[in-house]
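Please find the structures below.
In what follows, chain A forms one complex with chain B and a second complex with chain C.
The block that comes next holds the complex of A and B.
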């Protein structure tokens, strides 16, 4: 009997504890991941961000987190603007992204680098608008991240800006590039993932633009998550259709398998991908010699010879032991762009997030930014970025910029 | 016999009171915290999803715990409810400005759609003996995900437009893309509220308890415990199981609908096999047939990863360890005995 009472009591205490935790959690668990470098935390602008550091898309979140923390440290060292950084895990899940946003808001975030991936970004963008907090996302490239009405690309949220190209833009740019460079081939085959937001977005615009400019698409094949372990059917069909360019608007994991299988069947078209293909060289258990001659349309190549890129790649490699991908580069640029804007707009740490957002929105639409993912980068009022994509080709296991 | 009946009656009231009391007290406490501004943004954002998971888990518990049929596709039913609700809400936004009416209409439509599909699945499968329902619902979840991933639906002043695999929508001015393939629904009005979530939880408890202690409910449990004996006294086993299964599907549909209307965006990939299993985990850890346990387990397991955020990358590891500990503790014979003493008399109703 005593035990029963004890048990009941324990249950009640546990539940009460849960409720109390609900109320007070925001203040007790707030801690920063990059704060130790922000010399004086009271004078630092709180900059937040979220991305998948666990789960299937962790490669992207981890890259963004690393570069984010690196850049904040560097900006703080320069001393014009002081940032205090905090990066939360959203496991590439919109629901978790909304709670991560809650955590950051409780912490007192004043400005944000948004989410790393598109799905979560679409869920939190309305919140950024509602609370009027400014976000510059490094890599959430879907149109729905910046527009409430995606079908017509209208009704922008206004407080979410992008550092990367939108998916449709990548498709258009790829079609234009292939049309202008007939030396790569003239008959295009496409293999895309029809249950993936990113792939569908790029593919649809690519096909539309190809029709517009007169690029011949001879094969259009799909796959989905459950069938991404075998591409022999698609490759055989593409080969039979005579495709000498294979456009792959997909992520690098399935693409690596396509390269392996195409090699096994002696099918050697020119492979052409967009930024999702970035990362293929750092993939484990993949014979990188198969990726020789693969073209990518991406805003960043780690072999860049300019001072900024070299510095970034060296620092990143020193700290994290790997060559940074384009996600990391975009995140790095985000912090620098925000720092530049904060300095120009005279943002101080005691301003409310809403004041910061209003000032930054005005600043971003009129400023020009030079970063490692593009020069003379500008933004329009909807938050869309304007910069020129670079084509890179993989040679001897490294990305090499293509000279036009 | 009389005593036993009285005892059962008592325990019935007891578990019912406990469930309702728990939900209402939690609601009052949270609402006070919310109104006084003491609830952090993190927990404010979790209120509605927790309600959704509770409703889905209560529904699944009816199917798995009371009816004894394993269902691995609760996520699929949530998906049906969610996307139907998004479409209904999107269409109604032209004609009905009031969010609460739209919310109720959308959730009703979501629940009914999920129920109809549940009935279609149940008709052939529940006539079979064995674990066929588990296999079929497992496949159903995958099929639904695949279909919605490829479905494009738009609405404008000329009516609905639909296309499959490729986006062929050509919407007139003022039109709306309700579903766009793998991107799912975007730009949804976030009309779900915590109060309505709690009402939905209470409603689902009311439905499940009333069903459990009705003539039909006893027939469902009899069919679970001994199919042959139940048939011999004239119970139509397939029909009683159907009742539990369709109710369960409808609750999942309502839960999905509420969930969908709480976020601006919803991708079909959210409702995958993992989600179905997650809800099953809530039910199993909460106790088969035990609604109060389900509510507590769901709340704790949804909150846990968030409370463990301070552990950063180790949190999923710790989460798994805590899950294992909970399983070991709840299966500990000694504690179990004590626990069943606590719920004396319930044995008649629960297995």
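The block that comes next holds the complex of A and C.
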């Protein structure tokens, strides 16, 4: 219901903005309408984004939306750059993401935090390229979000950058981590989802890297959307193969079922996941004791002791009543990185989206960013990020950073 | 020993499919329509029992009873409002309406209960009976027992009671049944009531095994169970039972011994082969169309 009202409100604002924009053809009057919604008289750069605030992946979209709005407010309060934010729901659906993109474009979006998830990201990335609008996605980690030719990781879109690791990097990093930490176990089983881009991407690189570094993979099983309920076979086989680590490059919903079913059959390997597992603790009525000891390779842990992380976690908790996950942290960093780049490149609200994009592309490839998901973060011209992953373990129902 | 544990898992999964398939097959047998909203009745049943157990802290039995009651009422109401006015319409219109009802229920659930996944409470302990190296979970045993119980009751009901007799008459020839003084609309309502009540039982068993509740929860099991009903011969009660069990077992065994990646492809390939050889399904009656 709330969403509906928001949507209607947003629609009304968008219509008003379009009307004014049509009448004045981009002169100063259009900015006064924008200023009204931002609650600020100075001209603001319009920053958009989309993600699933409804649907099966709603935990991600909601986290990104919350952190996005929080960060924009903070940036505006500092005053170097003024943003006007708008976030649309795409229900983790490529078609709806394209619609959301259209809505944002009509609204006059000048820069974007892209999509929250990979499937929709893949659908809108060509549009960002075509219209030359710059996007920095917090969490759409598939290679297909930044490359038109995914198989060879070539032909980049150029206007979509990532704040998170790409899927292959997560696979490689996970294999390396497990190789280096034999105390977790030595025989690895993998359960992945073969009709999902994200899962396939992580899995393929993980298996390749495991072979390279000599990590023993004893079981490799899959499932797909239509068999997403019953994991008894995969778990029985992994157990029979003697897997003492179970690598789960999947989203949290099927993972919660795997944890439950493994527990029911007294199979207790070390579960190891990547960022898709983040969010498992936020599921309603989930028995968090099942996730006890689950490892996640993620760039962010909410118990970090540095000033920035503490501030973010406190503010987020105060406002939304829960500990932020990695998606929220990535989104928060996105806004700050964009603010830093906009300031350095001298972006102003009267520039066209295309001018903004050209300036930001140049700025992002040469700048270094310090955020809560990594220090000394840099980007290459294809939009891939370079930062180091951290391992996090679930203890007493909260994420705790692992000390190496 | 492993094959036995796979078989039992398959039987458990198949039993749930069978109970859902009963709903499809009864409605098809009597009203001659495919009720594609059946899967979403399951979803409503899951939510009702979920809220009864978590928000209102009711005991399991009471929650299940409430879910059955709720689904029965919902099934009858849906039939009255959406299908009854279309009794004389073409079967295609009814089919489209059923798909509409399905989306209506799914989206209403999203609005009412949000789309984020909820985790179903444990209703039966995680324990298992151990025979040698074989362990059979209580849940599998319960599921299979409930399925057999439901089957037996339903068969007795259809064969021994007056209402059951009327149902069979309606399935045979609606026009003639009406002439014999059977209230056909009444019988169709009863069919929907029973099918939807069974959907609620299936929902509880499904969620007990796979504890994740979301508005789209019913669609996949619904489609699988529909397949099972066709597999066994749509319109036939023993057929739905057999089809459901076979589907569950084949699905589990293919996953175990052939490929986890191709399990669905193989399940449906088997279905196609069976339908090529026996177009009416395994236990379906061959009806020659009068031209």
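In this text, the second predicted complex is superposed on the first by the 363 of 404 C-alpha atoms of A that agree within 3 Å, B and C clash if a C-alpha of one lies under 4 Å from a C-alpha of the other, contacts with A are read in each partner's own complex, and residues count from 1 in each chain.
Keep this in mind: a contact is a pair of C-beta atoms (placed from the backbone, for glycine too) under 8 Å apart; a residue touches a chain by one contact, two chains touch by 3 or more.
These numbers were taken from a predicted model, which means no experiment stands behind them.
Counted by residues of chain A touched, the larger count belongs to B, out of chain B and chain C. Of the two partner chains placed around the shared chain by superposition, neither chain B nor chain C is touched by A:383.
Of the two partner chains placed around the shared chain by superposition, neither chain B nor chain C is touched by A:114. Contacts of A:224 after superposition: both chain B and chain C are touched. After overlaying the two complexes on the shared chain, residue contacts for A:194 are found with chain B and with chain C alike.
When both complexes are overlaid on chain A, the residue A:101 reaches chain B alone and has no touch with chain C. Contacts of A:158 after superposition on the shared chain: neither chain B nor chain C is touched. Of the two partner chains, chain B is the only one touched by A:126; chain C is not.
By the document's definition of touching, both partners, chain B and chain C, reach A:54. In the superposition on chain A, contact of A:374 is made with neither chain B nor chain C.
Common to the chain B and chain C interfaces on chain A are residues 54, 194, 222, 224, 226. Contact residues of chain B toward chain A in the complex are 26, 29-30, 33, 38-46, 49, 142, 146, 149-150, 154, 165-167, 169, 171, 175-177, 180-183, 186-187, 190, 263-270, 296, 299-300, 303, 305-307, 309-310, 312-313, 315-316, 338-339, 341-342. Contact residues on chain A toward chain C in their complex (touch as defined above): 1, 54-56, 58-59, 91, 194, 221-230, 232-234, 236-237, 240, 253, 256-257, 260, 263-265, 283-287. Touching chain A in their complex are the following residues of chain C: 2, 5-6, 9, 13, 50, 54, 110-111, 114-122, 126, 128, 135, 137, 139, 206, 209-212, 214, 216, 220-221, 223-224, 251-252, 255-256, 260-261, 263-264.
Only residues 3-4, 7-8, 15, 18-19, 21-27, 29, 31, 33, 53-54, 88-89, 93-96, 98-99, 101-103, 105-106, 119, 122-123, 125-126, 142, 144, 147-152, 155, 194-197, 199-201, 204, 222, 224, 226 of chain A touch chain B when the two sit together in their complex.
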